[in-house]
Each structure stands twice: as structure tokens, then as C-alpha cells.
Amino acid sequence: MSERQPLLAVDRLTMRFGGLTAIDDLSLDVHTGRITAVIGPNGAGKTTLFNCMTGFYKPTVGSVRLNHPQRGTLALEALASHQVARAAQVVRTFQNIRLFPKMTVLENLIVAQHNPLQEASRFSLAGLLGLPSYRRAETQAVEKAVRWLTRLGLIDKADLAAGDLPYGTQRRIEIARALCVDPILLCLDEPAAGLNPRESAELNALLQSLVRDDGLSILLIEHDMNVVMNVSDHICVLNYGRKIAEGTPEAIRTNPSVIQAYLGEEEDERYDGDKGAAR
Amino acid sequence: MGEPVVQVLGGATLADRSKDALAVAFVALLLGIPMVGLTTVDQGGTLQVATRWPILAAFVLAVFAGRLVLRYLADRLGERRVRRERSLTSSDQRRTAGGRRMIVRVGWLAFIGALLLPIAFSDNRYVVDTATTVLIYVMLGWGLNVVVGLAGLLDLGHVAFYAVGAYAYALLSTQFGWGFWVALPVAGLIAAGFGLIIGWPSLRLRGDYLAIVTLGFGEIIRVILINWTEFSGGPNGITSIPRPTFFGLPFKPPSDEPTFASFFGLEFSPVHRIVFLYYVILVLCVLTNVFVTRLRRLPVGRAWEAVREDEIACKALGINVTNVKLSAFVLGAMLGGVAGVFFAARQGFISPESFTFNESAIILAIVVLGGMGSQLGVVLASLVLVLLPELGRDFAEYRMLLFGTAMILIMIWKPGGILSKREPTLRHAREEGRP
Amino acid sequence: MNVVKNKKWESGKCMALALQQLINGLTLGAVYGLIAIGYTMVYGIIGMINFAHGDIYMVSAFIAVSAFTLLASLGITSVPLALLTVLLLSVLFTSVYGWAVERTAYRPLRGSTRLAPLISAIGMSIFLQNMVQLTQGARVKPIPPVVVGGFDLYASEGFTVHLAYSQLLIVIVTVALMAAFSYVIGKTSFGRQQRACEQDPTMTALLGINVDRTISLTFMLGATLAAVAGVLVTVYYGVVDFYIGFVAGIKAFTAAVLGGIGSMPGAMLGGLLIGLVEAFWAAYLSPEYKDVATFSILILVLMFRPSGLLGRPEVEKV
């Protein structure tokens, strides 16, 4: 694998809903071991991009290629949504948190390991009989869940129903749950929304450590500029479905068309993180 | 609804409440005129209108008074709940643990009671017979509970699988001479096959389509059973279906071949068979319960619940939602089929009349009233729904009406069902007193 | 329709039979279409299957029976007057039923779990069926024919193609109703609000439109169409029982899915197609299995074209 080959290549992607073009001829590369941020005003098409990448929407035109280190090149736009997570190991979170509210936090994380566990249970037979092979797999799954819960500071919530917990905690649970799928590319849709400044600083540290220590690559949608400017290696700015700028945080900060796009919408969102977060 | 504001301010005035109740009574009047106030009766071949104004008046008055009282109670309860919710937080954990132990204990008690019941009532075949009926509904309820309660799929035609199982056994035994114990799993698998055929196209789509497809399927099975006379005996059904035997020993009056009574040196009594049938369904129920409870703690079981909670999240985690739903649906179908086999063997006679939509509705009511996903809830609901009509003919007449009403009220009051406390499938922290 | 007189008697009979089934099928289909619109509208606006809708139609048929009998006992013999009165009465009372069903069984559940309103709806369906059975009796109710006669479109030895006036009535009323209905949905402010709620209820509410009221009106409108269907069926068949809503409900829902759920012209189209399939199936294959035919259509549509004939493919908003 050449050093230059991107992990994920979005190529000339267009998504229309009736008359509305939510994404317009967008091309974008995501590189291994980096945090790539996608920013843009409300309705710019960021979430739609995620939906097209993860099989929830079928793009009108264009392709999304993933260069998987072991499994070769995969066409994500042609995969069913569960295949994107399973075969391509691209896992996402949702802007409006989607946990399994009545299940406990630990169960949420175990469900995320459904595929390996289901395999170990051999159509539930090994599981029904309580064979050691399945027991071992289950213990390992719990260990993995506990590891992530500890790392995200959630371990004392493990046995509580996920739906009853505060918003910020739920956001972290959703990230922990996604991590249990063993992603190579983690796509986070506004993970800092609704977090207080301390929580959002913790999120920064977590994202950086995921890339540094766990070898993950991250694609991040975020309005909170404190997060975006501090952690991203590369930023892509969308407006009305089009890419209007791309580059390092410094370059984006001073890019006139970006300022224009944001000033046209919301005055001081560029630097005022809390406002973006409070949305 | 705009009520909360009123509640916080300390309840509405009597005038407000009467005005509200008056409006409701007026609607009741409009609803009542064509249905309660008027009816048509057959008089010598032609219809005549009969009026029932006094009943209508009573109905409207009852609605008025009922609304007045209910609103008053609701306001009061609302206030109290607000107050209680403020004071309640930390004792929650302990209470759930206590509640769980309680449920386990009640479950064991019920099981021991069920085990001893034929001994206690050995001279009363009516009791044992009714208990057998209750257990059939328990079995049907547990089957449907997997589909509705755990996987969150609305199956309105569960009775179709019950019918498939019953007819499969009836035909296998009368045409091919298959025994009960051999036919049991085969008929279960046939029912599961039907589940697959029905579930596969409809489960890939939006959730609600399954409801109408199963509703239609239940009706279709019935139409086919009625009309395909060569196959199913038409409206007359199938008679002289062989009864289960005790490991090959039939329950018959003394004859040349060894019978159950002769083998064990007992005096022949028809009660033997009834008691035996009771234990057969009890064993089937216990097996079902163990099976379902274990599955719930396995990856499939967790995936069922996860799909019920949020399908989209499941997909994003790599779970093939269609397969998960299909597994729940097919398992439910299979359990329904097994119950059908038992039903056919017990009755010795089946006809399409036993498999109407009402039956599906009763099974659904059992699951919904009992508490979706709760095994014990199904038992309690089956007991109530089978025993109440036995108490009086009046009740039997109003039974379905009450079921319908109860389903609406429970959905409004507790959308998870009455016994809706969910027990986690695994825990991080070990609790004392629990392995 | 141009009926060519064929020399060969057999093929003439063949044509006649087909034509007769076409008439019967369209009549039946018009009724299914009217009911199907109620399903489609409710589905469009709150995204649920209103299982009680078939029973609303059944209730209206019973109201029609009572009303016709009442009018007859009052000595009103003018057919148009009787029809009009019964239609009005039935629409009035049935729309109250439609309103009450939504208000009691569905509105308290808005924003609840996905399953809750469906179960509540099936509970309401069971309730209505059994309520009618208890208050009106479980037996079939026959009324004397209201609209009698008809004319023969075509007659040859031993076979005539008959168009009953009641069939003509059904077609005319349905067409008129559809025209009025298109106007209401397309041109009035209620129609605009209704369509807005369908697209985005939250946004519509933010714009100051009373979403609750719009939903209530949608239920009443759906019930109105079902009421007309109920009256027409009573006139056409002359018998009514408490079970008719169940089967008609399934078929009308199939029609709505076939036409593309959410699409009102689709519902009518689907209804007509289902009516035709049923009529032809009954005539040429086997009358006993006509319900099986409709149901198989439902399965096939779901498998191969889940968005129906005129519906847009549904993109689940994530």
C-alpha cells in the first residue's frame, strides 16, 4: 500500500432529494491516522455525507471507496448499511444520539459486538449449551466493553439503563459503543454537541489518543470550533452541499470564503465554541 | 396535551371540569345515537328500527360522571406523582433488585403449584382441563412474546402458525400414521417454514407492514382451510386425531394391547389421559421457557431487543436487522406450531373455527396485558383471560370488548405492558445473593 | 365501451362475461379506493396503519342500515331524498367516530414507542367490532333494495351484460367525491396544512399551524370517505354484518400499498385494480380464493415494488 493512497476517497458524490441537492459533486479524501473534520453551516449536507458513506442513503451519483488494509478496496456506496460496519469497519455515531435506551450501558456495548459473538455462539447452539468456546467469547466481549467503559470514564454507569443517563454521558456511551465494533474509520456526527467545556476538552484528549494510541482514523462533523481547530489535521468546509474550502486549521481559519459562508449565516460561530455547541 | 399546567397550579375548578365533562358527554351522545340509541331488529323477515333512549341517556350520563371523576382523580394523582418523583432517586437500585428476586420467587411458586395441581385436584377433571387450556395460552403467549415483546414486531396472525401446527399434526397422524412425539418437532418446523415464507418479504420493509401481512395471512390460512376440502376437510375439519401415548402406551379402556392402565396395573380411568395431557403441555411450557430465557441472554436475544429499541443504530453497528427479525419471527412461528400440535392432539378434532382472528387477538392481548417481554406476565395474563370467562356467561359476551379496551388503555398508561420491568441480560457488578 | 357483435357465439359470451366483470370490478374497486384513501391519508400524516379504519367503514354501514330502515318506517319513498339523507347522517356520525378514535386511542400515544399506537389501533378495531356486535346484534342485517333496476348493455342468447343503477350510483358518487376531494386537498388551506404536516410536522407546528387539529380533520375526512363507501356498499349488497370491516380493511390497505402508500390518487388506482383482480379472479378462477388473490398481490408488491405504483421510494430520514 502506497503511503499516499487515502483510506477513504469520496469521489464526485451527489445526493438529491427531489429538487433539493443536499450534496453537490463533492470529492474528499480521508487519510489513515488523521483526524479529518467536516464543517459547515446548518443544512450544509454533512450528515447526508455520513448517510451516503454508511449505506443509509444511496447517493444519486458518485462513489465512496475505502482502501481497507486487509480487505482491499471496497465500494461503500454499494454496501448495505450493516455491511459498512461489518465488512468495511467504518462505524458512525448519530447527531441525535441513538442508544438502546432500555438496555444497560454494558449491554449496549455487548450488542455492538454482535457479529463475533454470534459467530462464537454457532447459531446459538454453543450458547444454549453453554459451551466453553462461547463462554470465553462472551468473557472477552465483556472485557473489551469494560476496557472502553473504563477509558471513557463510564464504568460506574455500566449497569444503568442507557436511556436514563444525562446527555453528555449518552454521547460518550455512543462513542464507546462504536469503538466496540473495532472500526478502522470512526465517523462522529457532532460528538461535542451538548457537552460542557470540561467534557469537550476531555473529548479532544480522547480523540487524539484514539488516533495516536489505537491507530484509528477519524472523520468528524463538528460545530464546536474549539474541538475542530484543536484536534483536526485536515478540515473540509461544506456549504449548500459544495466543498468551498479544504486545508489545515490555520488555512481554514483565514480562508475568506469560509469566513464569508459563516458570516453570511451566523456571526461569531467561527470562534465561539459554546454557541455552536449549545445548538 | 395541555393538562400539566393545570396540574401544577393545583387543579382545575369544578366549573372547568364540568364544562370539559359536558363536552365529552356531547361527543358520547353523538357516538351513542346510532349505536346505543338506535338498533334494528328483525320482525317477520323485515327490519324495524328499535329505539333505546333510556339506555342512551344512561350511557351519556355515565360518561359525564365518569369523566368528571376521572379528571379529578387524574389531577390529584398527577400532583402526587410530581411530588414523589422529586423525592425518589437513590432507593431505585435496591428496589429493582428486590423486585427481581420477588419475580423469580413468584415464578418458582407458580411452577411448583402447576406441578402439584393435578394431584390436588385429581378427582376434578374440570380444573385440570381448564389448567391445560391456560397452559396452551401460556405457550402461545410465550411464542408471540418473542416476536412482539422482545423483537418489537407486531404479529397479528399468530393463530395462523397455531393452525399450521395443528393441521400438520392432524394430517401427519391421520394420513401417515405419525406419532405425536415424532410429529411434534416436524410440525413445529413446518410452521417455522411458513414463518420464513411470510416473514422474508415483509420483514425487510418498514415495521408496520408485517402487521398487516400477518393479519392477512391469518385470514388466508383460514380461507384455505375452509375451502380446500380434500386437504383439510373444509369447515368440518379433521376428526379422530390420535391422542398422545405414554411412550407407546395408549390411554384406552382395557383391551388386547397393553394400555397405560394395564401396564401400570391401575384401574382404567379417563382422568389419566387428562392428567397426562396436562403434564405434556407443562413440560412443553417449561422447555419453551428455558429455551426462550436462555436465548434472551445470547447474542440473538440481545439483538432482538436492540432491534426493538433502535433499528438504525443496529444497522450502524453491523447487525443484519432483517436476519435478526426473521429469527425472532420464525422462532415465534415454530412455538405457535408446537402449541398447535398439542391443541390438535388434545382435542382430537380441529376445524377452521378454532383459528379465527379473535384467537390471534386474545394471544396478543395476553402478551400486551402481561407485560411485553415478561415471561411471568404472560402466565398471569393467561390465567386472567382464560379464567374470567369461565366465571360467568355475561363476561364471556363482553370479553373481546374488554380486551380491546384494555389494549388501548394499557398502551396509553404503560406502553411497555403492566409487568414491564426489564431485567438486564448481564451485569458488570456482581450482586450479593446472586451467582 | 365498444362491444363488437361477434358472429361466434362463444366469443361473444366471453366478451360479455369480461365486460360484466369489468363493471363489477370497477364498482367494487371504487369502494375499496374510497376506504384506501383513509388509510393512505392517515399513514401520510402520522405514519401509522389505522387498523380501526375498516371498522369505521363497518360502523357507517350499520348507520346506513338504521337510517334506511328509519326513513322507510317514516314513509319516505323518494329514493334520491332517502339516499341523500342517509349519506348526510352517515357522514355526520361516522366522522365523529373517526374523530373520537384518533382522540382517544392515538393522540395520547404520539411520541410513544413504535409499537404502542399499532397495538392501540388493533385494540380499537377489536373494540369497534365487538361494540357493534353487542349493540346491533351479531346477525346479518338485510335491507330491502333501495336502488332497483338497471339496464342491459348487451344481450345475446343466454347472456346479458347488466349495469345496475346501484353500480352506476357508486361510480358517479365516487367520481364526484374524488373531484371534491382533490379540490379540498389541492386548493383549500386545510389541504395545504395537511400536506405540510405530512412533510414535516415539527416545522409546520413552528409556523403556527395547529397540527393536532389538522390530524383530527384528516381522520374525519378519512372517515367521511369510509362513510360514503359504507352507504354505497349497503345500497349495493343490501346486507351488512359486523365483520365486513375486517376483510374490506385488509383489502383497502392492500390497495393503498399497491397504489403507493401516502399517494391519494394511488389509493384510488390501487382500489380499482384490487376490485378488478377480485372480480376477474372470482369469475374465471375460483370465487372462494379471491381473498387469497388480493393477499398474494400484497406480498408481491411488497417484495418487488414496496413503494407501490404511484408512491415515491421512501427514504428513511436518519
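Every chain is named by a letter (A, B and C) in the order it is written, and numbering of its residues begins at 1.
The criterion applied here is as follows: a residue touches a chain if its C-beta (ideal position, glycine included) is under 8 Å from a C-beta of that chain, and two chains touch if they have at least 3 such contacts.
As the structure is a prediction and not an experimental result, all values here were calculated from the model.
Colleague: Among line, ring, star, complete and other, which best matches the way these chains touch?
Modeller: It is complete, because no pair of chains fails to touch.
Colleague: Please flag the chain sitting at the greatest distance from subunit B, going by CA centroids.
Modeller: A
Colleague: Could you tell me the distance, in whole angstrom, between the mean C-alpha positions of subunit A and subunit C?
Modeller: About 47 Å separates the centre of subunit A from that of subunit C.
Colleague: Measure off the straight-line distance from the CA centroid of subunit A to the CA centroid of subunit B, and report it in whole Å.
Modeller: Averaging C-alpha atoms per chain gives centres 42 Å apart.
Colleague: Which whole number of Å gives the spacing of the CA centres of subunit B and subunit C?
Modeller: Each chain's C-alpha centroid was found; their separation is 31 Å.
Colleague: Enumerate the residues of subunit B that touch no fewer than two other chains.
Modeller: Those would be 312.
Colleague: Scan subunit A for residues touching two or more other chains and write them down.
Modeller: Each of 56, 94 in subunit A touches at least two other chains.
Colleague: Counting only residues that touch at least 2 other chains, which ones in subunit C make the list?
Modeller: In subunit C, residues 316, 318 touch at least two other chains, as defined above.
Colleague: Spell out the residues on subunit C that touch subunit B in their complex, using ranges where they run on.
Modeller: Interface residues on the subunit C side: 48-49, 51, 59, 62-63, 65-66, 69-70, 73, 93, 96-97, 99-100, 104-105, 107-109, 112-120, 122-132, 134-137, 139, 141-144, 246-247, 250, 253-254, 257, 286, 288-289, 291-292, 295, 298-299, 302-303, 306, 314, 316, 318.
Colleague: If you look only at subunit B, which of its residues touch subunit C in the complex?
Modeller: 1, 27, 30-31, 33-36, 38-42, 46-49, 148, 152, 154, 156, 198, 201-202, 205-209, 211-213, 215-217, 219-220, 223-224, 226-227, 308, 312, 357, 361, 364, 368, 372, 397-398, 400-401, 403-408, 411-412, 415-416
Colleague: Of all residues in subunit B, which touch subunit A in the complex?
Modeller: Subunit B reaches subunit A through residues 291, 294-295, 298-300, 302-303, 305-306, 309-310, 312-321, 422, 424-429.
Colleague: What residues on subunit C touch subunit A, complex-wise?
Modeller: Those in contact with subunit A are residues 315-316, 318.
Colleague: Once bound in the complex, which stretches of subunit A touch subunit C?
Modeller: Interface residues on the subunit A side: 17, 47, 51, 56-57, 94.
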